[in-house]
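To keep things simple, chains are lettered A, B, C, D and E as they appear, and every chain counts its residues starting from 1.
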Amino acid sequence: MKLDLRAVSGRHPAAKPDAAPALRELSLSLRSGEQLAIIGPSGAGKTTLLHLMACALQPSQGSLQLDDSDPWQLSRSALQKLRGQLFLAPQVPPLPPRQRVVTAVLAGRLPHENIWASLRSLFYPQDIPRAERALASFDLSDKLFERVDRLSGGERQRVGLARALLSEATLLLVDEPLSALDPQRGEQAIVALTAAASARTATLVASLHHVEMALTHFPRIVGLRDGALFFDLPAAEVSPQILQALYAQKLHELSGPALPTDEQFPGAPVPVVMLCR
Amino acid sequence: MKLDLRAVSGRHPAAKPDAAPALRELSLSLRSGEQLAIIGPSGAGKTTLLHLMACALQPSQGSLQLDDSDPWQLSRSALQKLRGQLFLAPQVPPLPPRQRVVTAVLAGRLPHENIWASLRSLFYPQDIPRAERALASFDLSDKLFERVDRLSGGERQRVGLARALLSEATLLLVDEPLSALDPQRGEQAIVALTAAASARTATLVASLHHVEMALTHFPRIVGLRDGALFFDLPAAEVSPQILQALYAQKLHELSGPALPTDEQFPGAPVPVVMLCR
Amino acid sequence: QAVFKVTAIPDESPTELARKAAPLVKYLEKTLGMKVEFTPVTDYAASVEALANKQVDLAWYGGFTFVQASVRSGGKVIPLVQREEDAKFRSVFITSDPAIKTLADLKGKNVSFGSQSSTSGHLMPRSFLLQANIDPDKDFKRVAYSGAHDATIAAVVAGKVDAGALNISVWEKFVADGKVDTNKVRVFYTTPGFYDYNWTVHADMPAAQREKLTKAFLSLDRASPEGKEILELQRATRFIPTKAENYKGIEQAAHSAGLLK
Amino acid sequence: MPEPALRDPAWRGRLFWALASLALLWPTLVLTEFKPWILLEPDALKPAWNFISAFFPPRSDPEFLLLLARETWRTVAMATAGMSLALLLALPLSLLSVRVLSLSALTGRMALLPAILRQLVRWTLMVLRSVPELVWALVFVRVVGLGPTSGVLAIALTYGGMLGKVYADILESSDAHASSSLMRNGAGRLQTFFYALLPQNAAELTSYTVYRWECAIRSSAVLGFVGAGGLGQLMDSSMKMFNGAEVASILLVFMALVWLADRISAALRKILA
Amino acid sequence: MQAPQPPPTKQASTPATTQLPPKLFNARCLSCWLVLGVALLVLASFTTLNLQWAQFFSWDAISRMGRFVGELMHPESSSAFLHKLALATLETLAMSALGTFIALILGVLLALPASKAHAQDPARWRGPARLLLNALRSTPELVWATLLLIAAGLGPFAGTLALGLHTAGVLGRLFAEAIENAPPEPGFALRLRGISETRIFLYASLPQVLPQLLSYTLYRWENNIRAAAVLGVVGAGGLGQMLAFHMGLFQMGETSSVLLAMMLLVALVDALSYLIRSALSR
């Protein structure tokens, strides 16, 4: 799916009226099948941007185009249909307690089946092998019939990602897919996601805190800071300096030392070398 | 606080009876004021170990000694008093929706104040400056009066950590404190935590997926795998080989290549050496 | 300041009871020289409990309720006066079903009594049915308890039940007021006479006050406008003294019908 | 992957329970003489229709409206008073009986003594709510006589039992993460209630409390038993007399009160949200 | 690389006490007003009712209540009576169970359109569905029973249906609010993918609210066991009619047996609720 954001601003409906919008005048366009990583400090607006792309949040300004049509101009049924093409894996895996892993994973197929099939699946899960295969690509097939609230943090996160593999979406949006994973399983997860996206030429957008993973696995990197686009560069051109500027702390820039952390960084350059793996 | 685990096994009360225990015969001892990082693949039992240390889970076998006394032999009130000395920051921040940041942070002081003070705090937060200082060490003081469910993922996590700074615990257990943080804020958070622990000579145990962070900031590293101790070494002695063995995938050991990740680790020697010290 | 408390069994709807009691309350206030308060209830048992525990001073009881109050209080209640009509009170069985002509025709039908604690709405009709060798619990299809006499009429009119048993004076008043269509609903059996309603006080009431109260009732007269209004509302010609022995027959009937142990 | 691992292990249990509930449904249908089609027979519909058509127009002469207004206030007042007393009873009992606030249950098993205490509290709540209001009312009539006092007390006791149980259930079925985390760090039970359970469940608790208040208004028929008056008694007598017009007016008042309760509930939840 | 940001208006050094945002203060006051209103209502209720507490504080009062309770301590246990009691118990159990079951199904069906599951939900059917629920539940069981008795005649069927209709209104409302009060994240993730509300309910809301739904349903079942007491008056039979009968005649032995039977049923349902809960968390 093609994606085009033009000067889009986004604000959370519940935000205070005087608060700055979470995302300010951001322009970005993505070819169909492109793979993009979004990085940026916590609170920069990565999740907000993904929500905008997933049509979960209506832009307060600017326009969003998915495959050359503005989803917010569509009729309700057309929008619903379009939504079947989008997949957002939220930052916290959205798993209701007491559900079993197999059901949670198969929920990824809901947009592509009718109501009867989904009812039957509740009674006896249809297509168990498929769920099993998806879990296997995250090294989790032994937990197929476990309840999701009895999983470790990383296992829950992988269940959330396995759902993505089952959907037939052409735009995959994953929000910090690696946050609870160890380096090895993180690597495996990102490979599985990029491979799945390439296999069906789906566009993949992932927000990541893990800079090296982003640089290694994604050809294009977008840096967000304070709700605005900080850079949009091919992975090879992202330099340590630019990363340092991206993540630099506000307080640090403004005022003098007041933080316990300060003495730990005497010569402030602190090359953010992340020796992953 | 001193800590001594002798051949401790742990199993979750809700786990299937035939499942292997989440933690098997683990021995570990910690001096008062020591700082330890636990690493290991997802599902290895890190969270379970922290729960055992926090007296949140009773060992199914073996014995646990906190400051030379077995907490499970204590009377209920003595145990609850002891718990005031422990602080566990769970993997998912335990923030009830609708609560405000300041209240959530001040909840860290609950064990040290009486019920009237805490009720008054609900009406008008007492000791706001203290909460503000704790948040400032995580670069979050501007969200003091925000509602916790209107925060970004990383902000929520930092609120959970700020709570730790307010408690007067002498054993700090933090479960993946950095999972949702960008490198810079992660660095800052870990520095704030270790500094706080040193300042009051509290023992600090953190589980981490971020190996470099662990190696840089913690003098001692414990590796867990499949519920058993894999190694227990000073940070300087943790070699890339041992890390690779720690995180190697189960499937990989058993069957032939079937995973897309396999070519990433050619000749994996995988020596399962138990370098206990 | 002491309040003289009065209540009555709910054999009619509470609004109706309150309306009937209003002039009587005024009259008693005048003759007793103290504040009188009438509280309508909707539960027979509540009125019995209240008098037996001296929570009210005066209560309007049916024959059976009086017997119950006497038993519950260990004989510590005294009937003062009754209406002249109450010495030979009767119940009627009504129906809207043309096929029902005698008590025996009731077998296999749905029948409604008034309240289970009612004398003329339950105890005596049941007692006469038993005498006619009909056991309501076995021979009727279903037994319903409408709760009040007027409700029984309504239930029969609405076709909810095939037949009903109730107090004759309520029936006559309904017929007189034209509130019921006698072409559709008719009486098919009238019971023999028995002792019914009375005004009862508890035995701890000072004798002087009891005297005053009795006199107040006995001196009600249709000649005076006040007496006429009260007596008409009470559906009484006049009040006459009564005594506990009058209700022995009811007590026996209750025993033999198994309603009193 | 071996084939049997892909079979849902929960399947048999599900099938069993589905069949078992079907097997139980059958005798219930027989016992209750469940024959809905008789409702559609013309001679069943006609009398019902007659009664319903008597609803229009509702009775609205000033005298009746005045009575209605007075009884409405009485009912609201009794319901409010009864509910306040019920809350006084229910809150401590439910806090005593919930498992999530048990310190010893933090690790799975509850200690013996608190478990017994909890069970006793649960039984108390059960007795309180399973004895019908009428019986309580008759107990109190012996002491305070006829009038609102015994009715209010009867409501307070039964509703205390119900509220206590439902509060405990609500607290128990919520996510225990926040509360257990506080208690593990050494916070007291009440502190945990105020800092973790209450913010999490405030909406659900309020909506249930308001609903119960509304219930108290509706079920005030019991108050009539002991001479406390109220809408319930009025409804009861109009209903017994098949007086459609009066029933309709009272029903309208009920609906208005229910609507009001709904609005209050929504407003409260909005404030809490 | 980046234009220096205008310094955020933030003074970390000043005491944060001054940071209390005004809007929050307003919200607080709104709830203050509400608390005040409720307090006034409670006060007005207690004063206009003129309740008599004083009489409770005497030994005589306690002993009189005690005697009543004492009378209830000798349940009747003749076999003929027990047989009747067992039949009535069974009838009540069946009526309340089926009534509650009907209500459960109707309630869930109505709660779905009646709940506003998320902020953007247009909830077009919410108004009518709520109206229907309100009508169902503001009409007491007794009124439903009378209406249905006229149509269906005496017997348990009308009572069952009356319980079902009234309880459907109650459960529908409670379910709707439970659904609205549930954490939105799982539903949100599915809704984003254009999945219809019914399936979102099945796959996301239901597992979350299931314990709540079950506990409300079972608890209403308990309630219906007692509500059958009201229905006894209109001839719907069961324990309710027996209770009214024996209580009215002061047959305390029988009354206490009936009460015990009722308690037994309630305890049964309570135990069932406990079992289901522990099964859900197992």
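Quick notes on this structure:
As a convention for this text, a residue touches a chain if its C-beta (ideal position, glycine included) is under 8 Å from a C-beta of that chain, and two chains touch if they have at least 3 such contacts.
Note that the structure is predicted; figures quoted are calculated from it, not measured.
Chains touching both subunit B and subunit E: A, D. Of the two chain pairs examined here, C-D and A-D, the one linked by more C-beta pairs in contact is C-D.
With every chain reduced to the mean of its CA atoms, the largest distance from subunit A is reached by C. Subunit B and subunit D have Cα centroids lying 43 Å from one another. Rounded to a whole number, the gap between the C-alpha centres of subunit A and subunit E is 41 angstrom. Contact of a single residue of subunit D with at least two other chains is seen at positions 47, 51, 134, 138, 142-145, 147, 175, 221, 236, 242.
Counting partners per residue, subunit C has 43, 45, 53, 147, 158-159 as the residues that reach two or more other chains.
Of all residues in subunit A, those that touch two or more other chains are 92, 97, 136, 250-251, 258. Those residues of subunit C lying in contact with subunit D across their complex are 5, 7, 13-15, 39-43, 45-47, 49-50, 53, 55-56, 146-148, 150-151, 154-155, 157-159. Those residues of subunit D whose C-beta lies close enough to touch subunit E in the complex are 25, 27-29, 31-36, 38-39, 44-45, 47-48, 51-52, 73-74, 76-78, 80-81, 84, 122, 126-127, 129-132, 134-135, 138-140, 142-145, 147-149, 152, 162, 165-166, 169-170, 172-173, 175, 203-204, 207-208, 211, 218-219, 221, 232, 235-236, 239, 242, 247, 251, 254-255, 257-259, 262, 265, 267-269, 271.
Residues 13, 16, 54-56, 79-84, 86-90, 92, 94-99, 103, 107, 110-111, 115, 118-119, 122, 167, 169, 225-226, 230-231, 242, 245, 250-251, 253-255, 258 of subunit A are the ones touching subunit E in the complex. Touching subunit E in their complex are the following residues of subunit C: 43-45, 48, 53, 68, 71-72, 110, 112, 115-117, 141-145, 147, 158-161, 259-261. On the side of subunit E, the complex with subunit D involves touching residues 27, 30-31, 34, 41-42, 44-46, 48-53, 55-56, 61, 64-65, 68-69, 90-91, 94-95, 97-98, 101, 130, 134-135, 137-140, 142-143, 146-148, 150-153, 155-157, 159-161, 170, 173-174, 177-178, 180-181, 183, 211-212, 215-216, 219, 222-223, 225-226, 229-230, 243, 247, 255, 259, 262-263, 265-267, 270, 273, 277.
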